[in-house]
Amino acid sequence: MSEHLLSVVIFLPLLGVVGLLMGGRQVSDAGARWITMMATLATFAVSLTVLQRFVAADPGFQLVEQASWLPGIGLQYLVGIDGISLWLVLLTTFLFPISVLASWKVGTDVRRYMIAMLVLETAVLGSFLALDLIVFFIFFEAILVPMYLLIGGWGGERRVYAAVKFFVYTMAGSAFLLLAIIFLYAKASGVGAGTFDVRVLADTAATLPVETARWLFLAFFVAFAVKVPLFPLHTWLPDAHTEAPTAGSVLLAGVLLKVGAYGLIRFNMALFPEASKHFAMAVSVLAVIGIVYGAICALSQRDVKRLVAYSSVSHLGFVVLGLFAFTEQAVTGGVLQMVNHGLATGALFLLVGMIYERTHTRELDEMGGLAGVMPWLLGFFLFAVFASVGLPGLNGFIGEFLVIVGTFAVSHWLAVCAASAIVLGAIYLLWSYQRVAFGPLRDEHRGLPDVSIREVALLAPVLALLLAFGVYPKALTTAIDPATKQVVERVAPDHATSVLPAGTEQAANTGGGG
Amino acid sequence: MRTPIAYFLLLAGLLFAMGTVGVLINRNALRIFMSVELQLNAVNLTLVAFARMHGDLTGQVLAFFSMVVAAAEVVVGLAIIVTIYRSRRSVDVDDVREMRW
Amino acid sequence: MIALLAHLSQVIAPPVVEAPIPTPELVFQPILPEIALCVAGIVGMLYEAFARRGTRSVHMAIAMIGLFAAGLAAVRLWNWDGVPFVMGDTVAVDRFSVLATVVLVLVAAFACIFATHEAGRRPSSLRGEFYPLVLFATAGMTLIVAANDLIVVFLALEILSLALYVLTGMGGRRSNEAAVKYFLLGAFSSAFFLYGVAMAYGATGSTKITSIVAALAGQTTSPSLALLAMGLLVIGFGFKVSAAPFHMWTPDVYQGAPTPVVAFMSAATKVAAFFALMRVFDVALQPLTLDWTPVAYGLAVVSVLVGALLAATQRDVKRMLAYSSVAHAGFILAGLTSANATGIRAAMFYLIAYSVMTVGAFGVTMLVATKTAEPSSYDSYEGLAARSPGLAALMTVFLLSLAGIPPTVGFIAKLSVFSSAAVAGNWPLVLVCVLASVIAAYAYLRVIVRMYFREPHGETSDDTSLVPQLAGLVLAVTVVVLGVFPRLLSGIIERASILRW
Amino acid sequence: MVETLRSHDVAALWVIPALPLAAAFVNLFLGKRLGRWSGVIATLAVIGSFAVSVSLVGDLLSRPADERLALQHLFDWISVGGFRVGADLRLDALSATMILVVTGIGSLIHLYSINYMAHDERRGRYFSYLNLFVFFMLMLVLGANYLVLYLGWEGVGLCSFLLIGFWFDKPGNAEAAKKAFITTRIGDTLMLIGLALLVFTFGTLDFEPIFGSAASVLTKDSATVIALLLFAGAIGKSAQLPLQVWLPDAMAGPTPVSALIHAATMVTAGVYLVIRSHVLFEVSGVALTVVLVIGVATALFAATCAIAQYDIKRVLAYSTISQLGYMFIAVGMRAYAVAMFFLVAHAFYKALMFLGAGSVIHGMDGEQDMRSMGGLRRAMPITFVTFMIGALAQAGIPPLAGFFAKDALLEVAQHSGRGVVYVLATIAAFLTAFYLGRMLIMTFFGTPRSEAAEHAHESSPEMWVPLAILAGGVAIGGVLELSPDGRLAGYLEPVVGVLDDGSGLAFLALAGIAVAVAVVSLAVTWWIYGSGKVDPVAFRARLEPMATAAQHGWYVDRAYDVVFIQPAKALARMTGDVVDAKVIDGAVNGVAGLVKRVASGGRLVQTGFVRTYALVLFVGAVLVLGYVGVRV
Amino acid sequence: MPLDNVVFWVFAPIAIASAVGMLVMRNVVHAALFLIVNFGCIAVMYLLLDAPFLFAVQIVVYAGAIMVLFLFVIMLLGVDRDDVRTERLFLQRPLAIVLAVGFVAEISVAVRAGVGFATLAPAGFEQLQPAGNAQAVAEVLFRDYFFPFEVTSILLIVAAIAAMVLAQRNVRAVTQAELDTVADPDPVVAP
């Protein structure tokens, strides 16, 4: 168990799948729900032991497992965890039980639904933990299928269109990824033994001619940019989000998008530092465009889910901006923002889903005054809204602040433009909240029930974390920091890895609180 | 003999090409099949010519084999054509296109 | 017959030295698989001929025994340490052919299982001769992969072709059409093939693969004829493996032929033809590698594009699978462009993976919407998941594997092919292949969409009987297991990929 | 100029904000069950933190002047790669003053609210929001670094949003709430950029090191940039030009809220911020001038608007804006002590007037339009008296607190030789007295002009007791301070430094002028509105369209709507519905469509004619052999 | 001019002409007859190339057996009337001709490079076959190629089975039955 901890984390959900399959038709819907719940909870528990065994100070990979898999081409099963992936893994294992609980009401083909969920969890965890490019790619691709089934099977009216779009779009992106991986592999096998081990390939990539490295960077980048999604490759997201079932949206926003950003920091930067620096400005500009553009698009949406989807585009722009600023603060902020956005937007989608379950509409124009009938639900909603508006004290703020501060060292103007999105964010989120919660109540919405126990049970942990990480983000950063420090120093050894002007370290350390 | 081997080869090639044309422009299954036979004969001629060129008998043996094959093919082919004729009352291959696109 | 008796006599009485024609000493073990298959075939034939009311189970039993025996014989050749070439150096004995033989035998076995079921459902569809014909076809295939002489290759090719023509025509009206198309084009292409053999003979004065390579390596002969031979052989093989532009027969034949037959031919023909192709091109024409790799390159590009694009527009599953088999031929060729051990291994892996998936896919196809007039049209798949989830699940696994989605064997296969091509530096090719695989994925997705996201309409009913589903399950499990533990297969291939010459 | 203070740790500092926070949570989750008690709990909590504050401040003042700095480090909030921000609290003379105001006036307003909200079934929510506001306000003023300050800064914004929109079923209120938050958010964002710039230059956000090294580290320009960015935040919060638009609408909230948030405390946070970071402003210099100009402009602008209002609360709102302008004038002249004194005084009399107005509205059953009031001085004497005291105080009638504040300000202006400022400020003072007089007369004098006015009744003790207390404070408030270098200045000295006193007209002369101005203006109002010799309506009619324009805040709102909001909406619609849907997504779908078309084109080659197939095969053959022919 | 040259130059044109004839004849029976002529010419070529055994086999097997079989089938099916020879496929014939020409060109290029148009066959071919051509062929056949020879037996068996299977009447019954069930999707249209 202990030496295979990560594998256990990855494959535990599949145990649930086995259970569901073994049970066959005999498994009742309720049974399926409970089996899935147990599986996800168990996974969460195991991931907690990972957290407990994780050494925050160690910047390298921990709990590494290595096993030769396909020696013919030097493929091996290689997983490991570091400060960057640690919290993403926990976020995943944390969000999954909640999503399962959120989909308690799903009535059709419960077994298939739950199987899809569990497979999805394994795939996501795998892609966060894989250190072998092919293993990563396998999990990365494996994400598509269950998500595709979830969207297409239990989604809204245009679900098939959305599902296929999601699938083909992402797959087209990852085609380039595969291509680049293979190229890298080819080069590596030219140098030494063929392998897909990131850590080894990083050295190989260093030997590549600059031009080649840049092309490879782009190939990787496209794949991940689609997943993030980065402007202008984002158009699959609103459709997918809008049509997906609640849990689908939650996981899509909370976890799947992070895989893209994670890929950027884990592979693009680790493998092609020079190229990363070379393209940093371009990417940052794209990110900023995405930030503002997403916000502006959100302003014009009439569908709540679409609105939140565009807000995701905007927020993940922050993540990418942070990652490519290459200052420790910014990168850490970016990673932090990944986790926080996962929680905040996840919460938003949960709440939107609950509202939808009651009002059966996602159109802002068909809501209003709901705060009167369900004060608690809308209260929670407001809480989540302010979390993603970036209110200090809630988790959304720290990430954005660090990103902006960190970007400042690189380019004042990018930081300023990004900051402008803070206003826009306030505008569209409050505007939508106002249209949902305030104003006169519509007759057909009279007497709608407020939150049920189940809903409170699944909301409470998320909201609690929104507050906790806002008040004490250090809980996250202590683990993230060493890893990002390493990345930054690898990418930009010459360039200031910290926003702090030289010589003020002392002041910074002694100043606080005297 | 004084005739350059190349002449035989070219003749064979020519016949083969004509056989090909026959396959392409005929609508009658039997004609198409005959054209195929013509091709095979051209190949046999090539084989024998090469045998002569190399001065060993393998080529002739190969030609012999190809004749056997041709015979077998004819049996099957004609049988198939017969069946198609039975089900469609025609040996015009252009009528046989239920499946397309 | 006569010939058989003749050599039986030789078996009984070893040839006397002062016989007018000295017969070389015979080693039968290497051709035992073929013998087993032929014997079983003949027995089956006799049974069909003389048993008044022949029952399928007996046929099945005979066939299975024959296949099993052949498989066994083949496996016992794994550690063969006798002479590398037997039967007057016309047959090579190496693990390469052994592996192929085993695969072919297995494919044939599955085909028989499916056929038995199909025939049980529609007595008129497949008749007793099916089994002998499959056995003879298999014999031809096992022979073609072991052949060390182009003429044997040609003969074996003809054996399997003739058998397949007939099998194709065994169904109804459409299968007649398929048969006639298949036959005419097949004869046409085999003429090219034979011409190629002739040119090879002309170029080197021999048709033995080993002596051809020796002759070419020695550069004693003019390469131009050899090149011509290469070109013509490419055409012949290209037809058999249905690589574009020699693929035109594939969709019609796959759509028209009885499904079990398609299951058999789609997998087995590709395996046999490709293994033979590898032997001929990587051994016999090895000195011309620099000349034929570009051809393979071109064919690969055309095939993947044509296959993927056209597959994406089909409305009939069997037809779609036909185009996908074109695309897969392209992928395999892409692996062969590297013309080295890795490439060959990749191609072998891909072939075996492909046969598993495609046999499974067609097996499921056979069971879907059996009552309807157009069982394989996409409409029949609408709401399959709701109608019979088991079939839908199986089909999904196979389709995903064909699409190369992890963690199925299809992905590993594509990966190894691409990487070998990449290591050889064929960049544009890999790029095209990757993009094509995306398009192909979309093609398979269209079927999945219909199976899962559409409501079943009309009173279509599927055949959900146990045996074929079990067979499908076995294949599906293989797909996944090999996808997760590819070593199980690659380990064997490692040791089988050495060609003797 | 700021000699660094020797600090000492105080463990109990956190209690001050903690109490209201706790009460907020209690009220939030148990509000329904507590019923009436929720108000009591809330009030007790604030009173409690007032008590703690008093004791801590006393302790602070008991120390020698250069040790009046108490710090408490709770925990590391952010700590990333050497950049470290602690959750640190800081108590010095400045924050001491602020917390006393906040908790003191806060507790009075809480007390007042108990009755005011008695009939609202959501009062649990109300009090929890109110407590939450106090918490954030305390964090704002107690923060030992800019980030904690920013936390409070945004928090109070949030609470103001919640409380303005408290009665959300009226659409207008929700609108106002959103407007308030977003408008201030614009300033806040600029301020955030300022913080980023601070980090960039100083590597920290703690007050001590920044102010300590500002003079040496900052160039004049960078100082200007930072200072102005911070000031932008202040402009938003304190509703100065050009972001003043939200405050009048914010009156949609319950009146006690207006009293606490939009008069006494939150809106003064801007002043606090500028005073807190005066070092940066001084290094810049230009920034101070900007502050001064904005202050003057706002003071005048808002005063003119106040004159034309009918809604009693809107009068107060504009007067608040104008008074805040005064404070910034003081700050702009580096008379920080004066500004602080002005702030405190204003907190008292403006809270007083708002509560008074609330009591009037309460007595008038929710009527806010002064045209339907009149003659209320009989119906509600206590309210009248207290309100009057507040008004006179603001008008600058000695010996009330307001007089000293304004007088000190004018004196500084005069002595520091800023003649223009002096004149403009005096004009503003005249206008101030004018609209106050107008309000007084229209509300309390003359004859009742409506049903409600006739049946108006005095409010209950819970409501007038706070009024009385505040009135007392206003009355004796002046004692705190008899000259610019009075006690408060003394306390603040260690923080804000001493004001270099210039020379000019004597104190008394200035005072005389100031009082004269006030009295004259009040007389004029009496002549217009009270004496009956003039018909106010006709008088106003003569001033059209000026009057209406002023009533609508000189149409700044509408201008913004036309210039910013509508274009922005159009842009958004364009981007969302056209660019994204048609262009970008269109491109994606276009590619897919292209592939499809190609495919279906290629499909047609599969004609079903076996001879076509043969032809294609032969084409391939010839191509391959052609390649061979080339190779030969 | 030596005799074999004469023979070649006499029979090669006949071969080509008969092939052309086979292509252009309206009646399939005539076409078959022309093909027989062609085969005869090829047989003569075998003679020229010192392959008398194959000369015989060619006459017997092809002209005798195979073509007779063809004619038999033609008569059996009664399709001996003139064919419709209108071409419905776009560019089919021109393309066929052009491609064929190209094909010949390619072949000749290769042959020229590989063999050379002037090279004569080595003399002394007769010495290889003292006991006559048939004997020699037999030796090669049964010494080196006995295994392929065995394989042909399988091939013939398959052919036999094929004929049996396909010739069975009930195949047609089935197709008839299915003709009723399966509706012809759409009538043939010329693209």
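In order of appearance the chains are A, B, C, D and E, and numbering begins at 1 in each one.
Note that contacts are C-beta pairs under 8 Å (C-beta built on N, C-alpha and C of every residue); 3 or more make two chains touch, one makes a residue touch a chain.
None of these values were measured; they are calculated from a predicted model.
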item	value
Smallest number of contact steps required from chain A to reach chain E	2
Co-neighbours of chain E and chain B - touch as defined	C, D
Distance-maximising chain from chain B - centres being C-alpha averages	D
Chain at the geometric heart of the assembly (C-alpha centres)	A
Inter-chain pair with the most contacting C-beta pairs	B-E
Most remote chain, CA-based centroid, reference being chain C	D
Separation of mean Cα positions, chain D and chain B [Å, integer]	97
Distance between chain centroids, defined by C-alpha means - chain D, chain E (Å)	101
Chain B-chain C separation of Cα centroids, rounded to whole Å	25
Distance between the centres, which are taken as Cα means, of chain C and chain A, whole angstrom	45
Numbers and ranges of chain C residues touching at least 2 other chains	151, 155, 158, 162, 165-166, 169, 173-174, 176, 180-181, 184, 188, 199, 202, 223-224, 227-228, 251-252
For chain E, residues contacting two or more additional chains	89, 92, 95-96, 99, 103, 106-107, 109-111, 113-115, 139, 144-145, 148, 152, 155-156, 158-159, 162, 166, 171, 175, 179
Sites on chain B at which at least two other chains make contact	9, 16, 19-20, 23-27, 32-33, 49, 53, 56, 58, 65, 69, 72-73, 76, 80-81, 83, 87, 93-94, 96-100
Touching pairs among all chains present in the structure	A-C, A-D, B-C, B-D, B-E, C-D, C-E, D-E
Touching residues (chain side chain D, partner chain A) in the complex	7, 9, 71-73, 75-88, 122, 125, 144-145, 147, 150-151, 153-155, 158, 161, 165, 168-169, 171, 173-175, 177-178, 181-182, 185-186, 188-189, 192-193, 195-197, 199-204, 206, 208-209, 213, 568-569, 571-573, 575-577, 580, 584-585, 588, 592
Chain C-facing residues of chain B, complex	9, 16, 19-20, 23, 29, 32-33, 36, 39-40, 42-43, 46-47, 49-50, 53-54, 56, 58-59, 62, 65-66, 69, 72-73, 76-77, 80-81, 83-84, 87-88, 93, 96-100
Touch list for chain A against partner chain C, complex	69-73, 75, 109, 112, 134, 137-139, 141-142, 144-145, 148-149, 152-153, 159-160, 163-164, 167-168, 171-172, 175-176, 178-179, 182-183, 185-186, 189-190, 194
Chain E residues touching chain D - in the complex, by the definition given at the top	89, 92, 95-96, 99, 102-103, 105-107, 109-110, 113-114, 191
Partner chain B, residues of chain D touching it in the complex	603-604, 606-611, 614-615, 618
